[in-house]
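Here it is, the structure in full.
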């Protein structure tokens, strides 16, 4: 069962914009940054960060809808889509100073998960090779298998630490787990792309996964910070420890943010909500610190599912996670250049 | 990427109900009818109609969510879930008189469309072989490739006419079309299961498919009633003509109802809405007539997508399409027995 | 368990407006008509129609919320709440020409259904005795036992015909039926207030009540027009017949409109929706005719349940049912005065 | 109080797309048609119809939000935004065959209504002068003063008939009426742009405007078809009469569609809903006929207010009103060329 | 006015499942735990905790809908309803280790509050007598009069301390207060079931009740922790103090959680929201501590009102309050057994 | 284009209530406090605080709807609208003890922003001159130019400090900024009404305004507390510092609360949401302190936009901001009188 639209091509091709972005609905870029294309390497030359959409949600075990995440995160903002966003406190414009461009959605048909993940992995590798940081808008969490591995393919297997905000560990084994989006973290470790002892998870809670999976995680020497630990020690202390470990014998960090790490009462637009999460403020402060205090090599923001959102607040949060992280990166970069 | 939940089985199995129904969320049957199981043939002995869920929506080209259709259609009713529903006007209780049972959801993982469709097709064949009518709750329209073909496998390829309510023809070719849920009707004809000239579509409208596909449809001698024809001639006249053709050199009818045949203003809970459809009243009157005036061999109700619904009105409509059709069937059956 | 608020009275009484209207939330009148009070008979002197709220929903068998119906129906309108509404086609201002006033909500605690119904019945009787027509905003349909009987107490038991728009017959017997709001019609007939053969129901459909109840209804010589008959003969023909019967050996008509007579796809804000109803247009045309062609003695509009509504469309429909009926009444009255 | 964004221009200009479309949020064209610009006359050369957005809602008397109408109407469609939409029944592709382009939103600040209307009027005049038909996406109905007059400025005052679908007459006088969006029709007549006796209104109902305004309308020899007349005579008969009058001593027609002409139960996404309207099907059939049977010179679709919509059904209806009208125009045009 | 459904019993009884759970809609158990019945004492033998539903909301002073609380709380979870929920941090499975079963909804008709409360009280007493802890899913807060008293009937009047999370004190006197759900706490104290000086309220805020009621509360030596105290001292300190008092001369604790103790911005699905509450995280941490640090004898979770919820986040919170408390209980129990 | 409704005055005037409150929809006062009128100075004699509505949203740069803010804030409460609200913790009744009255909405047509602002400014000046504190319910933030200046006109330019809670600085320059509601703070300073060095902003965050505007703010010696500073130092410490500065060489404080200072996940009903704000609890504690610790001369609560709200939680928050502030004022006032 193929997954391509059979349009009368002669006519359509003339009218289709050369560089579509969103797979679903109208095409536009993240907050109006310039459009680029992976097929035109020159278009990436000046970019230090590249937006990619991963509109895939067939890996979702419960509520689908994250396929519309890239579109919603790109659009969510009340300010003019000018490709310009000066950070109020830091005094940097991450979009302009990092030369951010948007190469649109990767082709990820719902019925061909393997093909889609392969294309996404290659796209992330290619962006890394071009000297830029892929910033991937999901999609369900299945995609992180491809995004983090794509980055590791360029920077070296085992050389990239992973900091992972989530309510769920997503380390189900290959026979199951929370279905598609419940397994990527195990697979990343098994592939060798990410070392287990450089896999740092923040915000876990609830009733999944089962003890045998937790044992496997411990065997891999993964480190996870449950919400109870975050509450007791403070998020800053946990993050400091995580950043320290991440920089030990690794060359940089990949950041994966599942928006369900935030309490579903504050971020309802997601597929597998778990009560008792971070506040939005905590998440934004944390990702900005990561941008400032680590060598960030790539990131993704996943599980924004617009059909369950209220007045776009969750999509906006996904958008701000990107901006706040990139603002931190810009500050770090500017400091390094001085 | 497997699609099964890896629970500590020894413990769970003791607690899991022997016959789960809904794949997603809690398990319960259609309006409280008795639960049965395809693995226990005796449980089907007295049934003339069998409910099956097909919670698959990875074939959806736009808004997913129809995976929750079976659960929502089973639940949508304000009256006590007693397995008893006396039809106000016809004086029959379709659930009781037809001995309706519910065998639960067929195992249809989103990431294994072929396996899921194969299991659904076999389930429909098995129900037919047991002398009952499968009543399948979708899921997206991809599933009709399996439901109608499963019925035809028992009753004979080419011996079953298909009456199809929909805004869309769903006859995209194998290279595309409206993706997964846009192709089943073409594939049914190509498989030989359903004769093109016994394929009757009611309610088409809008801007899809393209002329080449329409030409193919005409070559198959399909007959489609667009909304403009329905408005001009009246739905009753169109339906009379369709029923006449359906009974010519065929042994019975399969009914496929895509809830988007109704105007999205009245039935918003669906994935690919197209303005200008039937009213709910028109659809209910039509399916009751089909139950009364044809030899109905099976049916499905598809594309109910709860995340886009308003106060469950679309799920309720799906529920009533089942009841109204089965009420017609009961009347016909009672008349035949006199 | 009492149901009154124990406020420090000395202070509150000074501040409470003398004539509160809505029991729930802020107080205001129907579209700004003057406020009146049953305790001040003079305030009703010039009124030919009097608005009363019946914010009771403890009789609801499924989704509660109709207690907010009076408030929502009073408020639902985009035009200035000036107490003035000139009917576009008829050229009359029903609010001004009938001297409509609003006496606010009757005290109907959810936990004292009998007390509340008794007070409502007495209020309707009192309005009738004052020479005006009670226009009651529900509330669930339980209230019609009180509204219609209150009117009949003044005009004479058996002298008032009842025209009843509804998806449901609401004639459950005293041992059950659709719980509280499923029994009022039976009880009205058993009380002698309304003759069974002058009880005219329009719009019934679905799967309730059971055959034994239908038999009882037939024994009472009730006449019900199911949606299938409405579709086949046309609503106008059915209504003409109903009006004719209503005027035979009766002195006037009580009109009871359950908003669920309209299709839930068009009027979702109700508690026990049943697919396949009238359109809003049909209902408005019908009630205007009833106002023009019968001697209307009272009316109620029930089962508007705001928590399930979409952008207030159902509350607005309830509001327009009142205005359209009263516009018809005004035309008839003006004609009679010439 | 100015209304322009003061961005650091040197940077922003480099990044801003040369031809933005939507004033609010991301920029994209109507279903993916090519972008054009009024400042680049060559970009209009091959277009027979030109999309313009009029994102103005400060004229709204009640619920604002129509400023997001252009964006929502452009985006509302589940099919790929390819700029290609073959009409199922008519066999034409209106977008391609008419060479439709989108020049984006006219600059209409909420706090400068006069400036915005002046620019919109000039844009419509310019499109007309270029030999194309302006297709304006509102915005509240205030804008029709500018759209119809802009077309009349080119084709001649008094030479353009106006067919107007609406629940409201919008003929309030200069001292009031339904505020901003309640007066444009009066002003169009007073300006001489449109003759009163070639002003044809379909779908009026409810309780506005007042009798003195109706008298003024009658004095102008306007013709309005209230819903009661539409129900009694049928929409087709009313429309035939209207088309006949429109073609008498006029050179063509301007079509203005207020989406509130459809029943709010079916099209809730609007600001001043009035119960009892047309069905979506009726409206689509009517506008297609107008496209086929009149010399259409321009059109607008107004009062789509997304904040009150349910799953985008009203925005989709606005989108289909455009497509269905243009499909009719294409058929007529093709016939004329044979 | 009776409140039972009069179904043709001979037929229905054969089809009705022997042990229905939800009064409204389909029947299923809390997260799939085994079904049991109070009428079959053996079915409770191995249970240390028993789920009961209390679908009563006629005591609600404002927004009704909590009658759907039991159904929503039972269903709210994205993980398979397997009756198995291993706590991530604590390593226990509360459902399995406590042998949790679900006896379904107690019969609580809205129009017979006294009968319903009596049955609920007896059910809680019976569960306690069977050596298990009743876990009651409300329903409005009226029910706590029955739940806590039922537990006290077994364990001894005055021997059970009550820890009560709420925005409201619910101590209105018998002449009023916040109507039905505003009085239970006073009545519990007056009945002697709970000692006033062992009544501990956490999270109060807002503008109710009046000073005379607060004086009465002080006279009873109740202890309440307003949100301002919680903010100043920290929730942990307040809770430590409360737990200490609760264990002084009492044999155990009853926990009553009104979900409106959480800020309505995070938990909107409730009837009488009051701004400025706890976060979900705070509540979950607190109830887990109570499970671990007290001898918990019973609990209820009330005021979850699904019609006002957003994507089920409040229902999920209610579900997690149960799981988190029971997880704490399991840890304590395991420790005691070592 | 005028903005007044042209009703047949002779009739309407007789029926219109003498003192309407809400411009949109039905009229009622804030929680039932007595109605007063600026045209009847005696009606203000005993009031220490006066409620005014400012239903203006044409200054909104993105989502409109705040015109319905006054109506929603007045109505949002589940407790009886008795004009009595005893503060649970403080033991005062702010409404009664301050003699709060409501003079209704100021006439602020959307199309005449200057006229509306002029009338609002004069109303605030007049209330101040009457010895009371204006409490203005917005409306978008444009209105603060009028509210704060109106107060300063009475108390003296430069004599009033301004404490401003907001996600945005609203100091755009006269050529733009965040359009209408993005400029009032600059204009207040430029007018001389408020000294720049007594302008204290709390809660700023995000990506607006641009550095040049921030430089201008610094030149004015404004002091702004970004969320990052609030998180690091604690809100209490920041507020103490702000209160100290506010009381230095000023006679009192004007408090302006933009509800978007709270995280949009907790307060979604607003037009320009920015992730990462305060919690509702923090805001309520802060405004109560301001009432208790400063000489409050006036306040406004703005940007509550009901179309984007969830079950009225944001409107309720606006209501509680008023009550909590006035409760603080009452305590201070009582202490001063002892």
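When the chains are written out, they are named A, B, C, D, E and F in that same order, and each has its own residue count from 1.
Note that in this section a contact is a pair of C-beta atoms (placed from the backbone, for glycine too) under 8 Å apart; a residue touches a chain by one contact, two chains touch by 3 or more.
Keep in mind it's a predicted model, so treat the numbers as computed, not measured.
S.K.: Identify which chain pair among B-C, D-F or A-D reproduces the interface of B-E, meaning that over half of its contact pairs, matched by residue number, are the same.
M.R.: Same contacts by residue number as B-E, out of B-C, D-F or A-D: A-D.
S.K.: If you average the CA atoms of chain C and of chain D, how many Å lie between those two points?
M.R.: 39
S.K.: Give me the residues of chain A that touch two or more other chains.
M.R.: Within chain A, the residues that touch at least two other chains are 5, 7-8, 62-63, 210-211, 263, 265-266, 279, 308, 310.
S.K.: Could you please write down every pair of chains that are in touch?
M.R.: A-B, A-D, A-E, A-F, B-C, B-D, B-E, C-D, C-E, C-F, D-F, E-F
S.K.: Under the touch definition given earlier, write down the residues of chain F that touch chain D in their complex.
M.R.: Going by the criterion above, the answer is residues 1-8, 24, 57-60, 62-65, 67-68, 109-111, 113-114, 172-177, 179-180, 183, 210-213, 307-308.
S.K.: Please name which positions on chain F make contact with chain A in the complex.
M.R.: 61-63, 178, 204-211, 214, 226-228, 231, 263-266, 268-269, 271-277, 279, 308-310
S.K.: Can you list the residues on chain A that touch chain D in the complex?
M.R.: Touch residues, chain A against chain D: 5, 7-8, 11-12, 15-17, 20, 25-29, 32-34, 74-75, 77, 80-84, 93, 95-96.
S.K.: Using the touch definition from the top, list the residues of chain A that touch chain F in their complex.
M.R.: 78-79, 85-89, 91, 262-263, 265-267, 279-281, 284-285, 310-314, 316-317, 320, 323
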